[in-house]
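By letter and in written order, the chains are A, B, C and D; residue numbering begins at 1 in each of them.
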Amino acid sequence: MKINKLFNSVNDVMSDVFDGAVIMLGGFGEAGSPVELIHGLIDTKCKDLTIIANNAGNGKIGLGALIGENQVKKVICSFARSPKNITFKELYENNKIELEVVPQGTLAERIRSAGAGIPGFYTQTSVGTPLAEGKEIKIFDGKEYVLEKALKADFALIKAETSDRYGNLTYNKTARNFNPVMCMAANQTIVQVKRIEKEENTDPEKIITPGIFVNKVTVVNEPIIESIAIDNGETYP
Amino acid sequence: MKINKLFNSVNDVMSDVFDGAVIMLGGFGEAGSPVELIHGLIDTKCKDLTIIANNAGNGKIGLGALIGENQVKKVICSFARSPKNITFKELYENNKIELEVVPQGTLAERIRSAGAGIPGFYTQTSVGTPLAEGKEIKIFDGKEYVLEKALKADFALIKAETSDRYGNLTYNKTARNFNPVMCMAANQTIVQVKRIEKEENTDPEKIITPGIFVNKVTVVNEPIIESIAIDNGETYP
Amino acid sequence: MNEFINLGWTKDEIAKKIANEFPHGSYVNLGIGMPELVSKFVDENKEIIYHSENGLLGMGPPANENELDFELINAGKKPVTILPGGSYCHHADSFSMIRGGHIDYCVLGAMEVSQGGDLANWTTGKGIPAVGGAMDLVVGAKNVFVMSQHTTKDGSPKLLKNCSLPLTGKSVVTRVYSNLAILDVTPDGFKLKEIYEKIDFDFLQKVTEAKIIFN
Amino acid sequence: MNEFINLGWTKDEIAKKIANEFPHGSYVNLGIGMPELVSKFVDENKEIIYHSENGLLGMGPPANENELDFELINAGKKPVTILPGGSYCHHADSFSMIRGGHIDYCVLGAMEVSQGGDLANWTTGKGIPAVGGAMDLVVGAKNVFVMSQHTTKDGSPKLLKNCSLPLTGKSVVTRVYSNLAILDVTPDGFKLKEIYEKIDFDFLQKVTEAKIIFN
């Protein structure tokens, strides 16, 4: 038998998701955002989800659509504001969705920590601000630092450029962003890639996410470009 | 003016080292060990050095030679024992050198933390063992974790495969090891590379250490292979 | 007092003053909006490397139509380019550059700055709170430059004894570049470094709540 | 009692028992020395991925003379090979795999194991103390298998009520594979899973300080 993490369709990779799951979504804005996997998540009709992502979606596709379908209970992100953010904004203003704001670097590090077996770390980021309220402060070398805790998930939905059958991933340019650390921090990491590489052709120096952090991979060779789709008025479902 | 971190010789890159400096040495065993830079460090005759490395040297070249020249006051490492370790063993048994033993993963993470602006983090590693004695313990989700602190250095001596004029580095196979995290954690990062790449030819997806973490680079195109050199009875100086 | 908003240096003139401050070889992160202007005015005989916190070091100019790639964007989510010698990294690595003190300069906008160097620039307390990377940048960058109009649109002072809005960071600002003055944040408060040629000390003090040290 | 050291399963037989335990697709870290034998006995119809903590995932067999590369080594610092689909990473990433619970099995030697699953295998308290990655592996791997002779060379028990040597980890061992038995570490102590065919329970208990649960 050979290890094979490649699955035939978005539906196949999404089969384990459940109501109330904590789900990380890769991407920074539209770059690296797993739009087709999010649409698969919408199709599962799972609800009460907690979403961990950098943003809170745009328009009515991808995360914007998921939120619009009322499947999301809470968003943990650094930046939920954007001109095209419509679905989150409406629910937030009507107190129908929770928001935990986390500084972007702290968000990335909390996710990495979960993947690295580090339950907490100290950072100067947010000391003296409302985002440090209620958190433990500790002094190192005369300076104040705040304790931040690991952030893990049941699932991570990831967009990458290539994968081999082991789940070894490469990314495209700044679509890398949160994806590699999220791969490390979820019980099940689900990936959409533009194309499959034969393992003989993967350069071991160039793999960004080793397959040990990946569970399921499926191919979406021509993924939606979010900003163009929104400008064209596309929506999902 | 163009940024240029390339220097002509080992002597040139070693000019700022001082007595009592804390110096990180990349490498795991001989792989990725900056032997020629260590020889340059011997030539400076600086003393009372604190060395942070995974091992404590072999034979009488590289770190083994530096220790043999009595330039080292203390070694912070995970594994100071090896059949060919002669100079450290002798000084250690005569109480002429200090040793701080750090678990290998904790060592790597303490170094990364210093580079990442994290003064401390919690890990389960070493809880209940002598290496956790005197350290703060904290409970997360019912389990004990020990507080480990960032480990920084005045200088890091690094061996890489290629660099461009910006100091963007690639490594060769398992010679990568501690080198990338040490680049992040030193006030001055000094690198020996086998060859220079034109920046037009560096693949931005493949750079392992971005130049922001690098200060000085020099070329050693045919570096000593430690195990062969020791077998041949080579010594330094 | 809202007539003063158009007084003083233009945004380009402020940008140029900031650009002139960077030493050759600096690593710089420019905030979204007004700070982005700065890169246009960097002298040709020095080389500056731009960091964008979404995992891009060695950022080039905005992408033109032929170069457009929606997976090569800046922190403002606009398509940009990468220069030779640039590199990509993931978010934890990118913020290690910031938090670990490897970025020499960051330039940000401000709603309020206090004489102690406190910065408020992420939320007015109304609407959706959104912080992005600002809190990491202000504690991590070696020099934190604020680039801002000297007063709010309705003429109220932005340079205060104490900030009234939720803070982005405490004692973090190094220097303020406004349309009316360049002010260093010192242990004793704001200290004048340069004043817009057509105003005097009294005027500057009048539009500044915090006390300015003029000598 | 030192005649018992040669009694029981051979090292190869123990290695085979361990190899048979790994499910297809497991990620495994084999300690230096005796545990390295295990990979030889993995059934051909399953694929196991080997991790070496010095930044190598997808490790292949030891390098032969033609493949020798002193920059492609394992945790024991011996030249090895990499298989298709393998990858390199730096030490912090490699130990994230370990500490973060991504390694399914690690197999290590032991000087002592306690009935509570404490392991001592890094120092006798004499000579140069050297821990390497053992402390990280035992807290991080999902299953920690000890592979060891049942007694010391002079016949003293290694499976104890309490360890006498400095610990590598507390309550970390999942199962012990010795030349005489396979014992699970349970909340109630060592529980027999398999016994060397030619000895009986009494004999096994006699060479084991800790009480064994036989049913």
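Just so we're on the same page, contacts are C-beta pairs under 8 Å (C-beta built on N, C-alpha and C of every residue); 3 or more make two chains touch, one makes a residue touch a chain.
These numbers come from a predicted model, not from an experiment.
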Open item on the list: Give me the set of chains touching subunit A intersected with the set touching subunit C.
Closed with: B
Open item on the list: Counting C-beta pairs in contact, which chain pair has more, A-D or B-D?
Closed with: B-D
Open item on the list: Could you work out how far the Cα centre of subunit A sits from that of subunit B, in whole Å?
Closed with: 34
Open item on the list: What's the distance between the Cα centroids of subunit C and subunit D, rounded to whole Å?
Closed with: 55
- [ ] Mind checking the centre-to-centre distance between subunit B and subunit D? Centres are C-alpha means, answer in whole Å.
- [x] 29
Open item on the list: Quick check on subunit D: which residues sit in contact with 2+ other chains?
Closed with: 82, 88-89, 92, 95, 98-99, 139-140
Task: Multi-chain contact sites of subunit B, meaning residues that touch two or more partners - done: 109, 112, 116-118, 123-124, 171, 173, 204-205, 208
Task: Interchain pairs in contact, sorted by label - done: A-B, A-C, A-D, B-C, B-D
Task: In the complex with subunit C, residue positions of subunit A that touch it - done: 28-32, 54, 56, 78-82, 85, 88-89, 92, 99, 101-109, 111-112, 123-131, 171-181, 208, 225-228
Task: Residue ranges of subunit D touching subunit A (in the complex, touch as defined) - done: 24-25, 27, 45-47, 49, 51, 57-58, 82, 84-89, 92, 95-103, 139-140
Task: Residue numbers on subunit C that touch subunit A, as the complex places them - done: 52-56, 69-73, 77, 82, 88-92, 94-95, 98-99, 118, 127-136, 139-140, 166-171
Open item on the list: Give the list of subunit B residues in touch with subunit C in this complex.
Closed with: 1-3, 112, 114-118, 164-166, 168, 184, 199-200, 202, 204-205, 207, 210-213
Task: subunit B residues touching subunit A - in the complex, by the definition given at the top - done: 109, 113, 116-124, 138, 140-141, 143, 145, 149, 170-171, 173, 204-206, 208
